[in-house]
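Two complexes follow with subunit A in common, the first pairing it with subunit B and the second with subunit C.
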Partner chain A sequence: MKSTASLRRREVKQLLRQMGQRVYTDLDNAVFPELVFPSRSVRNIVYDEGLKQYILGSSSIRRSSQNIKHIRPFSQLVWLAYFVNKLVAEGKTSTLRDVFYSSQAYNVEFVDQDESDEIITDLEEVLSKAREDFSVYPEERSAIFGDLTIEYTVPGYEGKKLNLSSHPDGYLIGPSLSTAEFVDTSAEMVLAVEKGGIFTRFVEEKVHKKFKALVIDTAGQPPRSTRYMLKRLHQELGLPVYIVTDGDVYGEHIAMVIISGSANAAHLRELTVSSAKWVGVWASDVVKYKLPSNPMTEADIKRAQELKKDPRYTGGIWQRELDLFLKIRRKSELEAFSKYGLTHITDKYLPEKLREAKGM
Partner chain B sequence: MKSTASLRRREVKQLLRQMGQRVYTDLDNAVFPELVFPSRSVRNIVYDEGLKQYILGSSSIRRSSQNIKHIRPFSQLVWLAYFVNKLVAEGKTSTLRDVFYSSQAYNVEFVDQDESDEIITDLEEVLSKAREDFSVYPEERSAIFGDLTIEYTVPGYEGKKLNLSSHPDGYLIGPSLSTAEFVDTSAEMVLAVEKGGIFTRFVEEKVHKKFKALVIDTAGQPPRSTRYMLKRLHQELGLPVYIVTDGDVYGEHIAMVIISGSANAAHLRELTVSSAKWVGVWASDVVKYKLPSNPMTEADIKRAQELKKDPRYTGGIWQRELDLFLKIRRKSELEAFSKYGLTHITDKYLPEKLREAKGM
Partner chain C sequence: MANRQVAFAEISPSEFFYRNRDLAGFSNPARALYSAVRELVENSLDACELFKILPEVTVTVSGLDRDSEEPDPKPYVVTVRDNGPGIDPRYVPNAFGRVFFGSKFLLRQSRGMFGMGGTMAILYGQITTTKPVTVVTSFDGNTTYTFDLMIDIQANRPIVLRRESQHGDGSTGTSVKLTLEGDYFRAAQKIQDYFKQCAMVTPYAKLTHVDPQGRKFPFERGTSAMPNPPEETLPHPYGIDVEAFRRLVKQSTQTSLVKFMSSSFHRVGPKIASQFLQFAGSDPNKNPGELTSEETVRLVEAIHRFDGFLQPDASCLSPLGSEILDAGIRKELQPEFAATSIRPPSAYSGYPFIVEVGLAYGGRVLSPGVKLFRFANRIPLLYDEASDVSWRVISEEIDWKRYRIPPEAPLGIITHVCSTKIPYKTVGKEYLADRPELERELKNAVRDVLRQLSGYLKKKGSMEMVKRKLNIYGKYLPLIARFSTNLAKAKRPPRYGKLLGKRDSPREEQRRIEEYS
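For the complex of A and B:
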């Protein structure tokens, strides 16, 4: 469990140095510098049956400074490497939006943030690292609570420790938490829940103690930094991950993205937790637990039909629950359990579903 | 600064008891129980020139159990009082949505959450208390960072202290923070910023130390719980509040709502901080600081024209900046300062604007 953060930072610095070195070597040899990385075009995003996730195929993108059409993205990419190298060196972080505006300080032109976001993704590929590793974060954040002692690695806080059960509203998963070392935990699992209200309910009902769990609020479809955190908790602490969502197709898809990744992050296989389990709310739970429910809208039904054709949803509970949603045409939120009292979800539903999930 | 939380809780319990007592007394006297509170109909929302905010006029709503049309909202309201009394007694919290579903446990019918939200607002009026006082919170949350030591009052954490500068990603403003006592602070002001990215930048650049400030991320238009926190920081600690938003009409309106409240919370005058100052980004700052900007959309322009007619926007910087937005037809985000380097906003802009605001 030791010093993975400083290791990661050192690795990123080294990779950035190598990238710069390649450019300089080309120049020294009087060759036009170029950078090569896998293509993310739709045709190169393929579903891997074995990994059960989308990955990139074998096509490459070549950005050559010899090609006049390439000069723009090539220099943007080189500038970005320079910029994040500075960020990492100074121990600062940046947001996707900040990167866009920062470029103007260097007279590097991006038409809009879409263009700079694209180049950030290019750099993820060149380095084979998630942007969280080079200190670029999104705006949205989610939260964590439970018995996990962390040690900060950000400037001004190095060596300071914090136990994540000390603030009952939960801790924001921001840059300093994402880069912290995991020092000690008594937790035996991670429970990822879709919304803040249920997160607070779980904390109040001491789910972290009763189930020896770290509880994470994904705040809807989890931001990348939260998936990054889930992955680290699973990998570095060996904790199984269980996902609790609303009983609808969007909830099912939140679980799917945590487990199998998304097509537009196909270049970042390491963000997935393939052994994570979706414990519910399933369509069959809506029926079994006689939950208050609402009719699915036209958009819900269309979404379910789309997902049915998605290769990630082949077989198992995934296809079965989609079919059942389409049959019952109803959906339920997590709060619907309150019909049976505020603690029904933690006293009855959760233990039953976790028992079931562990047997899966 | 002492024990305001337990005082607030005791007061709410007393008010709930009084409300119940009124019903019982009526029954004992063989009179149909009724509840009376100010009307929130549009015709009863009036702008108060002196207070510079929307308040409720003198019309009342009478909910009588004698009137067959009133029985439904009357019994919903009585049930809600029973439910939150239990919440407060048990030291639990609930969300707006949870209240809706919980009603089904008691066979109290609400068609949808809109209806239960309405009744929650009714109860705010009957008790003259914000729902945060009786433990009902929304989903959304924002964050706070800085040198403020709090003492929890929630079950399991009573008496525990925490300093809000100990986690550099900031602390979520959830139920336990909202109800905590303020024990000690070295801060001399509160800086409310509109978005997480800038919040993180401020923390990294040690704005809390340089400006002796508590920094709050309002996460867009601040949720009620955040306005509640701003009000407490101002009232209990005597701290002035400065608001930093994007340079657009929505940013201007975020500041306005913190300062003068909103029409749909006209019944809760105590949520406003009327002495708070909007330090920018003003339309004139977009020009003065030569910020990268985008054209205003049709919707932006329409919104500005609407606000121009709003009585809260009469005169002062409010009208002047709206006029200028409409003249330049451009808008800038806070991140636009990154054009001049990541620290320009904290090194140059913020000190200049705070100096200006203190002279206002």
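For the complex of A and C:
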């Protein structure tokens, strides 16, 4: 396995330097520097049928330091580049919140974290890189468990190896894990589950062994670092990804975002695993397995109707399951399988559904 | 029946004005003191300007009994001394001791109009204190004459109590000293305002006021440019009435109507005279002395209907002009911005007039809100503002919103009307009547200065915008330079000084960069 982490780091540093050089050269020629990147306005977010995901259209933003309204965000953007360049060079990471506070030492302070988050997204666009690539991570984290040996690249841990089945609670998918190299694995698939309780159940039931799987807790809608991890596992190790969620429209959408991406990250194309499969719980499973269920709320129904109009949901199981949810107007959580015994989900449901999913 | 009698009596002009002294601005001790000061000052300024002498006028007001602790009202001595042309001693008694005697009945712009201002002050002093007026004057510089005068009110005649002459010191001028019952305590503010405003429209005069406590308030000369003295003119036909027409006929030696018309009226030559007489259906060769009453009335009516007369020209007027008005405004109001608008000559009822308007904005003297300063023939008008045509114009005729002037902006509007006959509503000379022609000119001039202000504010706004921009660039460009230098791994900071509107030395740039590293 080749070292992708250091390669990626070198690439980001190169991009940051190029950006700095563009700005520097303009200034040195007494020209107001500007940066051009795709617009994220709603009108510029389009669905790409071929890629099966949301991408940004062709309209772009020209942020010029000459424009009195732009010069502050422009300065913040160049500052952020400067700031993350140091992070990357020093092998350090920072959270979104850290970025917000760090700006204050440089006279480019942000009004609030929303503003700094915006600028971070701007830099993602300028560099065409996800923020995790330039060492900025969100606070929320999800976990991974299974037979995967990784090698750290973060300072102080370089060369240190670890097997991700060593600790039954799993490992946080944080910056050090995201930047680690994959050394070795016996896994043949990735199982992404929506919630911690089921993740723990899977570990206890040795799903990683029975199914030769790496188990990931997405902790609800997966953070980008987790989606990024899924993508890497799929790309670098060639592992198929299966998604297990609650039996409701939100669960269906978690699977959809992993597969087709989100509108929020339409500027990033590296986060989707288009071959991933949603194994359940489907609306039809609620019926088929006679799962204990609850009535859908008004909000659930509204959400289902919204998603029906979303271009990502055309065809396949997606429309069908939405329609069924709307028809039965009921939803079930993963825990509902406990009705049939704690191991029912791993012994019966999962093998059946995986077989079905592989056939799709 | 026989014992029913009506008593007829004639009163003299001085008696009439004594009885009706409110009309002339002598209604109470405070107002009287103020009016006495201004009548004498205006006489001095008129005299100086007519001879194009840069005026120097000193006004001293002191208690008659200096040590008296008596409360106001009490007798005050007012002395006004000028460096004017002086007065021929032959005319001094009548000029000061007789109402309706004066040198300003001509059609020529001056402050004085009625031949009674100075005399009324003396009259009032005499009635309230029984003291004579003392006039010291020299018109050739060689001899100085001193007169003590009183007025025989019933006969409207001067009484000369003393007439002396001494050797002069070579300079001309007049000093008038009179004693009158006054209330300085209550008049002080108005007198101060009067001098301040006088200084605004006569910035070429040096005025000094010494108050009863001996304090000196000098108003220094702000310019030595003086307006040209006005020329005397013939009456304009539009201003003529039947009585005035008859007088002109009587004065004239011409024996034909066409010659009479073309020699007695302002801007009427033989050609216009013939056109007019044709229009009126009168025989141009008729002897004007033979006109019957009916014919005279018809002719005067025709004059008012005929629209072929030329507008009066302004040679008889002496406007301040933009330069002097501007200097006066800047001197007294020290504004942030000043503008003037001088209207072309116009006429009402045959009297030519010119409207001049000044505007002062901001500065330290003006307080928030609009303040109107009214002048007529260079006289500050301090009373009855709300009755004046200028007030009506700025409060009712101007659409203030149009000019985008910030609310409560400190604003001074200066209106000056000069005319051979100011349409005062009273002989007290305090406010002007709403003549439509006058109103129109005022409106145009006020709009003009407001437009200028609005333009200034706009430019100032965009200049501040530029400054703000430079400030913002000054804050952020050095940061951008610093961060990009670091990112690009460059050896030296970029040379972006031009972007800040200046070319700074590399060392200067280095210093700025170092500040941030």
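Following the convention adopted for this analysis, the second predicted complex is superposed on the first by the 360 of 360 C-alpha atoms of A that agree within 3 Å, B and C clash if a C-alpha of one lies under 4 Å from a C-alpha of the other, contacts with A are read in each partner's own complex, and residues count from 1 in each chain.
One rule holds for everything that comes next: contacts are C-beta pairs under 8 Å (C-beta built on N, C-alpha and C of every residue); 3 or more make two chains touch, one makes a residue touch a chain.
On a predicted model such as this, the values are computed, not experimentally measured, just so you know.
Trainee: For A:71, using the defined touch cut-off, is the partner it touches subunit B, subunit C, both, or neither? Pick first, second, both or neither.
Mentor: second
Trainee: Report the partner of subunit A that touches more of its residues: subunit B or subunit C.
Mentor: B
Trainee: Touching A:97 in the superposition: subunit B (first), subunit C (second), both, neither?
Mentor: In the superposition, A:97 contacts subunit B only.
Trainee: Now for A:197: first (subunit B), second (subunit C), both, or neither, which partner does it touch?
Mentor: Touch partner of A:197: subunit B, not subunit C.
Trainee: May I ask you to decide whether A:79 touches subunit B, subunit C, both, or neither, giving the answer as first, second, both or neither?
Mentor: In the superposition, A:79 touches subunit C alone.
Trainee: Pick out the shared contact residues on subunit A: the ones touching subunit B in one complex and subunit C in the other.
Mentor: In subunit A, nothing is touched by subunit B and also by subunit C.
Trainee: Which residues of subunit B touch subunit A in their complex?
Mentor: Those in contact with subunit A are residues 92-95, 97-98, 100-102, 104-105, 137, 139-141, 143, 152, 154, 156-157, 160, 162, 166-177, 195-197, 200-201, 204, 206, 292, 333, 335-342.
Trainee: In their complex, what parts of subunit C are in touch with subunit A?
Mentor: Answer in residue numbers: 468-469, 472-473, 475-477, 479-481, 483-490, 494-499.
Trainee: Where on subunit A does subunit C make contact in their complex?
Mentor: Answer in residue numbers: 16-17, 19-21, 23-25, 27-28, 30-33, 65, 68, 71-72, 74-75, 78-79, 81-82, 85, 106-108.
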